[in-house]
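Structures for review follow.
Here come two complexes built around subunit A, the first alongside subunit B, the second alongside subunit C.
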Partner chain A sequence: MVTLSSDKEAFIAQYDQSKDHLPGSDIAWLAELRAKNIALFEEVGLPTGKTELWKFTNLNPLKKQAFSPPSLEETIFANSNELPRLLEEGSSHRLVFIDGHYSADLSDDKLPSGVSLQSLSSVISAGAIGLEASIVPRERQEEQPLVALNTALMSDGYVLNISKDVSVDRPIEILHFGGGKAEQSYHNRNVISVASGSKVTIIENVTDRNDNVYFSNSVTEVSVGENATLHHYRVQASNKAAFLVSSTEAVVNKGASYDSFLLNTGARLSRTETNVSLIAENSSCHLNGAYMGTDDQHCDITTRVDHKSPHTTCDEVIKGVLGGKARGVFQGKIIVHELAQKTVGNQSHRAMLLSERAEVDVKPELEIFADDVICSHGCTSGQIDKEQLFYLRSRGLSTDQAQALLVNAFLAEAVDAVQNEGLKDLLLVRISDWLEQNPN
Partner chain B sequence: MAATQETVEQVQKLEMDKYKYGFVTDIETEKAPKGLSEDTVRFISAKKNEPEWMLEWRLKAYRLWLTMPEPKWGKLDLPEIDYQDSYYFSSPKSMEDRPQSLDEVDPELLRTYEKLGIPIKEQEVLAGVAVDYVFDSVSVATTFRKQLLDVGVIFCPISEAIQDYPELVKKYMGSVVPQGDNKHACLNSAVFTDGSFVYIPKGVRCPMELSTYFRINELNTGQFERTLIVADESSYVSYLEGCTAPQRDENQLHAAVVELIVMDDAEIKYSTVQNWYPGDEDGKGGIFNFVTKRGICKGKNSKISWTQVETGSAITWKYPSCILQGDNSVGEFYSVAITNGRQQADTGTKMIHLGKNTTSRIISKGISAGKSQNTYRGLVRVAAKADGARNFTQCDSLLVGQTCGAHTVPYIESKNRSARLEHEATTSKISDDQLFYCRQRGISEEDAVGLVVNGFCREVLQELPMEFAVEAQQLVKISLEGSVG
Partner chain C sequence: MLEIKNLHAEVDGKSILKGIDLNINKGEVHAIMGPNGSGKSTLANVLAGRDDYDITEGSVSFDGKDISELEPEERAGEGIFLAFQYPVEIPGVTNTTFLKEALNAQRKYRGEEELGGMEFVKLIRSKTKELGIKDDMLKRAVNVGFSGGEKKRNDILQMAVLNPKLAVLDETDSGLDIDALKIVAEGVNKLRAENNAILVITHYQRLLNYIVPDKVHVLAHGKIQRTGGKELALELEEKGYAGYSGEAA
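Entry: the complex of A and B
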């Protein structure tokens, strides 16, 4: 196994070495797509502080690490019960990815009718039928070199199709279990396609089994059909050495809704990017989230919503709590295109700094080209209210208890947006646990 | 026939009204050769009879300028600027020997001011405003200077300050906006021709509002003003700056620099009304307004307040900023930016909190109409040591018509947990209810829009000194003419 330091050249070398073994190397269009994307990545390079979209997130700690491609040898788990799960057994359909590879043995084999799930590698080895349309180059691809890198190196992921008018009874839980070997990088590519009139909840759980450093660079393409609803929740609770970069691009059709929530507590450096295009009337999206950071963690949440059609709505509520030397970043862009009259777009980001050395950087952006719109954004940053703290202290709570209570209440408001009750409770527990472990 | 004739006259009148201040006064001027080179810089310096150190400073800036890139981050559709196609110095010829009183001033000049609606003699009497007129590049007359000197206030053209107060100029010029800050400020450092210098000594409250009227007159002359205001301990000054420019076809470059320095317990209030030629309906002509304005609150309890009403220019690129270095210092930014036709504005502020318990307040109102683009771009940065820093930001945008754009790009960076930062922004259009209410009461649609927009801007307009407030309200209304119906 060749180990490489992960500056731009290293990734390119990794591509050169593995291009003949990557899935689909015999499929002409795919090989060509990979070649095109590595060329684009070579041209643009890894984002630096000079890249406007990466102004606040510096990838230098990533560059200091050396990463190798994921090994193909499978880690053996006796049974799926050894693996963490978010929802109780029986209340979700679970799929399992170990170190970036789909594990059929550990995943639930029975999926409800109307749900089709395949791993990316199996789709590709079956001829990659229908895949070409799902991984079309994005608009502004030159701004997303890590998506290009993913396209060049993608080896696995999931392709999920929900048929027309299907209401999936239980949430689909997807476990991304990493850290099997130190210093590996995974480039997963996922495709979620919800046909018109359907309803589904997907919960992604990003975690690992030890403190190994790894780099996960995942890309997800989402399409939500007419009048369909997708709840897309993501819990990132990896170890504090991991690098998690993900980019989700969602296209929302007429009357459809894309509802997402992110809870981030993990990673040395995380960057969660969500781009949503509201392309037809009455489409809507919710991009909510909560993040907690401590030590030298860096958490970046970047969103972009394109209102391309009249009568579209977006709502964003994101809250963050930072202790230690942690740094939080929120960049949210709302673009109302010329035709998108009667748009409603609201966004709010609130951060609480618990320690002296924590830092938060925020860039909410409105770009508006239509006149009949109501758009707003609000941002606040501050510390715990001394009055509130005093009130609780005067009633006999210790400072730590009082602080935990207040932070809990602060974050709970954001979690309220989660529709799944089971998950909501779990997230609240996660928040309490985090506060217990990190008395700042 | 008579009726037709009347109509023609009316239409002509309307055309004139659109840009009331668009005319060119015919005065012989003395120009530097077209284009920019070391020789141009030397020419300007020689013309101004400048000491050696000033020339050196200019040349240093010029050499730096050659190496600097054009700032591209604004949301502006900016044509390539041909720096060689512009004149960098011109002064009315009859000014070689400075007149000692108004009687000696070229009567043509005086008439120009009259057309602008500011009869100089009346102003002398009125409200005690001392006006430092800048006609193209040389200050024509400075009034009330003697009265100001009696209380120790220095208010003079910067070219005179270089001769008379070299120590002060040496100490402060470039200390807030360094030569290499950005390409436009650097160009100004090399070729600035005139501007104002103000020094308020310790404990003095400036007895009157200080004011400069800038005016671009000569075709193809870039304006490179440089203003430096120093407020020493416990002093106060209110400074007014207003601009109008004649109508013309070629784009004109304007790169001004304003530096404010405020010591302990002192305060500077800086107000601007900018109404330069915005170009015609197709976006032809108009001023390029690239301004670097920055103030530093050096001392404890010091305060800087920027107020601006921006209605003119084809392109506005302007970010009046405050560096809040002294503990308990205060920075304020009140702005109204109106764009119509094909105007583009990218304006906002920076509040850099360095000292403890520093507070800042940003109120920005952007109004876009026609085919214009209006961007608020701001930064609030709290350094790690700025305990108890406080910022409140509100930026509201109003859209009039379907073909304009309003954008908000705030950056908020906090490195201190005790800092309390709030930012809110909204975008909306004039509601039909509001218009209906006014129309119902017999107010014409155009007047109704003017009324609503004036209400929208009220928070900012009321910050302006009396002299400006009335003019600004008129300006807000005039700027939106032709944007409805």
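Entry: the complex of A and C
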């Protein structure tokens, strides 16, 4: 297979080369959708610093690599025990993606009743029935060229439907295991639909098996039905050469809740974008997270919450710790539409810088068009408190130990938002492990 | 145990201590009294090894070892404990975690075996009982939301658990009402022993009614101006520091 450098033309060439083999090339509406999206991508190009939404995240390092589409060869894993898992065996339903491809053999085959899960490739090969409604163009699609690129190139992903009034007994853990071959790109497309009155926890584990460079550009469309609750957790611990870009768009209905948490320790460059529309009364969202970066890692968390209806609530608490030359970016937009009276929106981002060369850029934005709302935002960044450090050292702790204790406590506060106890414990372990490996 | 000779120290380039001589032996309680700005707290911080407090001349030795170049945590390991004038709040870290990490770090420094969970719990329970401190305090984050008195008692609990050879109490009485003062003093008295020593730094005499010193030193202008027995504190209470303020540094 020919590999190409990854500027705009390279991705377009990749599309031209593979369009006849992409899943659903024989389905007219899908082929047309892909063509429209590659045209949109061609028009807009890869995001640059000139785009307001990408002001602080520069994709130039990506362009220096040459990515090829994922190969379709069989996976090399004999059984699923060789693969990493977050929750203990038996305490989750696990689905496995290897290098962007769904592996039925390695995934748990028994899912509880009321849970339907199919790979995107199998949905498409079965005629893509029902898919058209789930991948409609987003609002402001011209601002999201990477979503367009995903739509043009998507070859796999998952389509998860939870039926009405189902409380899924165990979390669904989705392993995205990358890095099998160097310089591949995966454009996964996922659809999560939780019907009214249901409850489910989805945990995405984004990791890999070596230090290969790869580019994951995933897009997830979420809908949460009336009075339903979706806990959507994401643990990104990929290697420090990977590029991880993801865009999740959630529509939250009356009385429903979208609760997300991101723990990010991985990637050379990560951009995790979450857009939530609270479209009916008493809908709410929690967008929480913690991130740690070192060396020359770049971690971008971008969120947008649209309050479109009265009595909607959003809470956002994000904490970051940066050492080395790492850079953190937080962009958080809250838009309260004219109709959305009695809205409550609280946002906070706090960063701790462990080295003088670490940097954080933040852009909180509140746009409020209703007059009876309670909104707040706060962003702080700073070093470790010297008084606290001296206090701990005067009791016998080394500087490294004292720093680890303080940073741990700082991040643990953010992890407290995670509702699943097993996952919460695991995240706390991940944080202390990270601190041990990166004393900075 | 503690031998300070001709100690000169500066903070941010400003000379504060100008030749202190002080010897404290095992089992003794010394008090340093002095007016504001005399260098009392500087001495405490120099002993604990705080950054930005630089020794420019003289020496500090502890059990015969020069400690002037040691890091704060090494001094703690050697057995020096500073009770803070303003104990620091550490959100998110429970007292138990903090005490266990601190104790084991010190034991490790001294080449002693670290305490396991059970042994530690046993030790800490015996200390809270001895000091009359409720166990739920252990689960709370270090000093967060504590009253002034609680913070000082928490420092005394740390002292009890860490069992230092020398405890330096830096204006422990500041901000305490008389009841809290008594409780803290009682705690300190329980920890008095033949093998350890206490250095009480205070502006006021009243703490010394409860922690009775063997020797009292008057510090002014960065030097010890006078040394006497416990009666010296009473004299200062009566006459104030006026007699010392005019003396040349």
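In this section, the second predicted complex is superposed on the first by the 440 of 440 C-alpha atoms of A that agree within 3 Å, B and C clash if a C-alpha of one lies under 4 Å from a C-alpha of the other, contacts with A are read in each partner's own complex, and residues count from 1 in each chain.
In the analysis below, a residue touches a chain if its C-beta (ideal position, glycine included) is under 8 Å from a C-beta of that chain, and two chains touch if they have at least 3 such contacts.
Keep in mind that what you see is a predicted model, and the values were worked out from it rather than measured.
Superposition of the two structures on subunit A shows subunit C fitting alongside subunit B with no clash.
Looking at the shared chain after the overlay, A:Glu359 reaches subunit B, while subunit C stays out of its contact range. In the superposition on chain A, A:Asn210 contacts neither subunit B nor subunit C.
Look at A:Ser167: by the touch rule set out above, it reaches neither subunit B nor subunit C. In the superposition on chain A, A:Glu367 contacts subunit B only, with no contact to subunit C.
With both complexes superposed, B is the one of subunit B and subunit C in contact with more subunit A residues.
Touch criterion met: A:Gln388 reaches subunit C, while subunit B stays clear of it. Once both structures are fitted onto chain A, a short way to say it is that subunit B and subunit C open up an angle of 70° at subunit A, using Cα centres and rounding to the nearest 10.
Of the two partner chains, subunit B is the only one touched by A:Cys375; subunit C is not. Legend: residue contacts after superposition of the two complexes on their common chain; A:Asn60 is shown touching neither subunit B nor subunit C. Look at A:Gln17: by the touch rule set out above, it reaches neither subunit B nor subunit C. Measuring only between alpha carbons, the smallest separation of subunit B from subunit C in this overlay is 15 Å. Touching subunit A in their complex are the following residues of subunit B: 73, 384, 397, 399-429. Subunit A makes touch with subunit B in their complex at residues 52, 56, 338, 341, 351, 353-383. Across the complex, subunit A is touched by residues 48-51, 71-73, 75-77, 81-82, 84, 87-93, 97-98, 101-103, 105-106, 109, 141, 158, 162 of subunit C.
The residues of subunit A lying in touch with subunit C in their complex are 386-388, 390-399, 401, 405-406, 408-410, 412-413.
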